[in-house]
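Shared chain: chain A. Partners: chain B in the first complex, chain C in the second.
Here is the complex of A and B:
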């Protein structure tokens, strides 16, 4: 599998592994008396699961040269539907299924719109970013009498995926996704599309269908990510839930070496990138850095990395354009 | 029965005839060379054959049946493979994946892709074509020649019976071209028909059975290659006599050198370029598209740095870091693609012009409106720009008037060296004459003009000297009676041997 990664990607993976080890050592050194390192690792699974799972889906979409920046808002819609069903007395299984299904459907809609309107994905999903969050608020307001801004889900029976099984879901899906990436043709077609749409068309492939399959897979990963995200909280607050989640996910993808303009990348990088962001945040917590400052550092890290990646690629593109 | 037959095939773009009714036949195992100047319609013809464009009229008969290809893939499936100059391949995938993109991939019992067998299949195809390229390599790591070989192997693995190659040798070295020819010879022996498009007439002579010459969208001649010599091909390509009259009012003078280049080079763009442009002189820079002319012009203007050699401007070393420095030094550049590089089409004519000199008028960042308007008005009159007024959107002007606005922008700075890149491309005849008169007047005022142009009559008619570039270096300097269309074409193909065949650093 490693042989199908470019030297550039392999280097990035090695760099991320080393970075994560350094961060873990830092956390171990910063641990106070009474706190155990295994607790840290145990908490890591469910904490990082939404970013990693959504990141896998996003990686596939970015492979094709598209992007989906509406994922946080999609999760909010799914969460709102989930909350409403809980309040209406739905069984846990039904509520979970609805959450995943809504996420998948909205991802598919994004794909259909990008294909059908022939508008760049970043524009379609930028509209989706605000539209879906608004949609969630409208649904909540209509479905819940005297809606005050949040939907509380106090019953612990509805928190299984988020609070109990999150880590296991992550491990299982991750293993499946990495194996699938290693042995399936579909991800290679996503990369082919992101690398040269013209080549795909000449080979008789349908670029629209390839793009749609990326949004389809992304919807499934995002559905599981959303499920864990939504079932971790006691109250679903459509206006504020998952704010900035899409940036964190795209940050993990780009940090993992996937080219933001498509055509190159790997799932493993995204996983390592998500862990890197998470451990960085943890180091700041254990180091006792002012919480306001933590947010700023994480944001700066994301912008810094994406900015760097874009600048490197832009330079290359610019040179090609001038030549 | 011919493999391919074109009857009265024509194609127009927005009323401009790109292909006049074309009759052409091609037999299996035949190599047909297609030649013509830039803009003669070669690309259009290729696109019509390969399914990129649909012809407006006429019939294409393929293997005895009328064919209408809607997409490149349909043409490919029918057996017509086209290798474009820009290869459409996926750089980040492996050679094997590129070869078999769109084909079924070998699978393991449980459904996973059998990578080993995929690469073995690719290796088999490569070996069949006599290529020694590891199928697991990334496509973007390959050399230009290897990329092309893979593209050809891919095309032929689909049982192509007609192979169209568009300028395949443009990015290849001499040994690579020889290898390509060996491949093509083998294909010809196997009964594949080949349509070979090239500017390099030496290759046409070496490779082809017949030659078809396009000129202004018309198929002017088709003859067996052995009956023709290079001179005849050139004559047929050029065709028209130099009938247009070009203004030449300026006195002949050999003033001081304004711009000098000494063995200037930039990796991958141009090498060992030496020449000088004197004030009051127009020097033409001719050559094929991709020969490095525009790159050189942009490097002189400071859009990219020069790796080697030295430039001098008015006798002082000239190492521009950015265009601003060039403007301040009295050097201006009018780009090739005015719509993409030159103008903001939504701006007004006045804004488009004043952007070039408003900084000279500005006082503490504010531009006095009165002075600006007066200058714009003067420029509109001086350059005879036909606009309803300074407020008209520049995008709605005709091409000629856009070009004049672009010239007007810089010329109010009183530049002393002017670099023009294709100054009359896409401009109608009347405006062309006006622009030519303008350029002549500028040279008459003592400005040094370097003019890149692909239009032979223009570059020959306007210039005092013509430098011909080929493959990134100056292959000939033509002056006086040697300034003929034939010589320019020969020099651009590397076949010119006449007087002054080597660049002198006058």
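Here is the complex of A and C:
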């Protein structure tokens, strides 16, 4: 698999592996008496699972040259539906299934809109970002009498995927996704579409269908991410839940070496990128940095990394542009 | 066709919400007075969106976008709010805000022009970053030094807003419409490679445009703080979306290369009337609708954005 990666991507993966090791060492050094390092690693799995899973789907979408910035709001709709079903007395399995299904459906809708309206994906999903959050609020208003802003899910039976199995779901899906990327044809078609839509068409592929398959796969990954995200919290707040989650995910994807314009990248990079962002936040926590600074530091880090990435790509892009 | 669609939409909207709001009139003088105060209030209320809308139009013309405007205005207002109140506010806080706003705008421009980050990604990042800085500056506090500054509330009243907006719209617009600068921006948005071949300093123009948005964000912060008189770290979230929807409704293409400031003016009024109307219709909504009518705003903004972009794209395709 590694032989297929470009030198640029291999460099990026090496950088991320080294960076993650350095951050882990920093955490180990910063640990206070009484806290154990294995706890940190154990918590890491469920904590990072939503970002990684959503990131895998986003990687596929960005491969094709599109993007989806409405993922946080989609998770909110799924969470709201989940909360309502729980309050109506649904069984855990049914609630989980509904959560994944809603996410998948809304992702597919995004795909249809991008294909059908011929409008840049970023604009469609920017509209989705606000539309879906409003949809979640309206659904909650209608389904729950005297809705006050949050739907509480106190029953521990409904927190399985998030609190108990999160890490295992992550490992299983990750193994499957990496193997799939290495051997299947579909991810390579996404990359082909991102490289050149025209070449894709000339090669007898259907660009619209390839784009749709990327949104479809993204919906499935996002469904699992949303399931873990939703079942980790005690109360679902449609107005505030998952704010800024999309940027975190896009940050992880771009950090992982996937070209934001499509056509280049790998799943493994996204995983390492998400871990890098997570460990950085943890280092800030263990170093006792004021929590108010965290948002600013995370924002600066993402801008810095993406900026560096674009500056490195710049020379090549300029040559292409002027050729 | 678009020329009369937006004013008509605005009138229909106002009529609908007036009917729902249940205002009773006695004679034509009453009607005139009501609408005079209504539109005056609308203008004063929508000043930040209006000012930023002009900047956003220019940004969209260059095929860019600026998502950080809401955070930018909030950060400028937050930094100004940390200065002590009183007459001294005018020569400490206000110049500080001005310099900061332009610097924030130029940061966006620099990231986009010199580092070549796609505008939407760069400004999505600075949106989070500037908002984070707001929390660093203010924490959980809500500050309001603006009340005790002599003459400050003028910026929140109709006359002040009308003069600031008029200055930007008429003064700026008159210089802009026939300028070489405007044609360079249009060309830059239409075809960047061609612009570079035509010896247009692409990077400098981009920095100038985003810097100008920063300057307008400062004016917006003045109008906002004068009207609301207090600021907290989470104020003005979601402002950028209103601005973008308004600009797109006004006929500016997101793909760049075309845009109209007058269209933006009406687009902003349509969005602002929607905002005001939904707030005014709260009691009606509680009685007749199964959900809170204010939540409808998110849905309508999203739908309007898609509809506007779709119409603009189709109009552009027809021209070709």
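Here is the rule we use: the second predicted complex is superposed on the first by the 309 of 323 C-alpha atoms of A that agree within 3 Å, B and C clash if a C-alpha of one lies under 4 Å from a C-alpha of the other, contacts with A are read in each partner's own complex, and residues count from 1 in each chain.
We adopt the following convention: a contact is a pair of C-beta atoms (placed from the backbone, for glycine too) under 8 Å apart; a residue touches a chain by one contact, two chains touch by 3 or more.
The structure presented is a predicted model; accordingly, all values stated were derived computationally and were not measured.
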item: First, second, both or neither for A:141, with chain B first and chain C second; value: second
item: Greater residue coverage of chain A in the superposed arrangement, chain B or chain C; value: C
item: First, second, both or neither for A:198, with chain B first and chain C second; value: first
item: Which superposed partner A:247 touches (first chain B, second chain C, both, neither); value: second
item: First (chain B), second (chain C), both or neither touched by A:295; value: second
item: Partner chain(s) touched by A:119 [first = chain B, second = chain C, both, neither]; value: second
item: First, second, both or neither for A:133, with chain B first and chain C second; value: second
item: First, second, both or neither for A:45, with chain B first and chain C second; value: neither
item: Partner chain(s) touched by A:260 [first = chain B, second = chain C, both, neither]; value: second
item: Contacts of A:90 with chain B and chain C, given as first, second, both or neither; value: neither
item: Shared chain A surface residues [contacts with chain B and with chain C]; value: 322
item: Residues of chain C defined as touching chain A within the complex; value: 111, 115-118, 120-122, 124-126, 128-133, 135-136, 139, 192-193, 196, 238, 241, 244, 254-255, 290-292, 295-303, 305-306, 309-310, 313
item: Sites on chain A touched by chain B in the complex; value: 3-4, 6, 182-185, 188, 191-192, 195-196, 198-205, 259, 263-264, 322-323
item: Of chain B, residues touching chain A in the complex; value: 71-73, 76-77, 88-94, 97-98, 101-103, 105, 108, 111-113, 115, 136, 138, 268-269, 295, 298, 303-304
item: Chain C contact footprint on chain A (complex, rising order); value: 69, 113, 117-120, 122-124, 126-135, 137-138, 141-142, 244, 247, 250-251, 254, 260-261, 290, 292-300, 302-303, 306-307, 310-311, 313-314, 317, 321-322
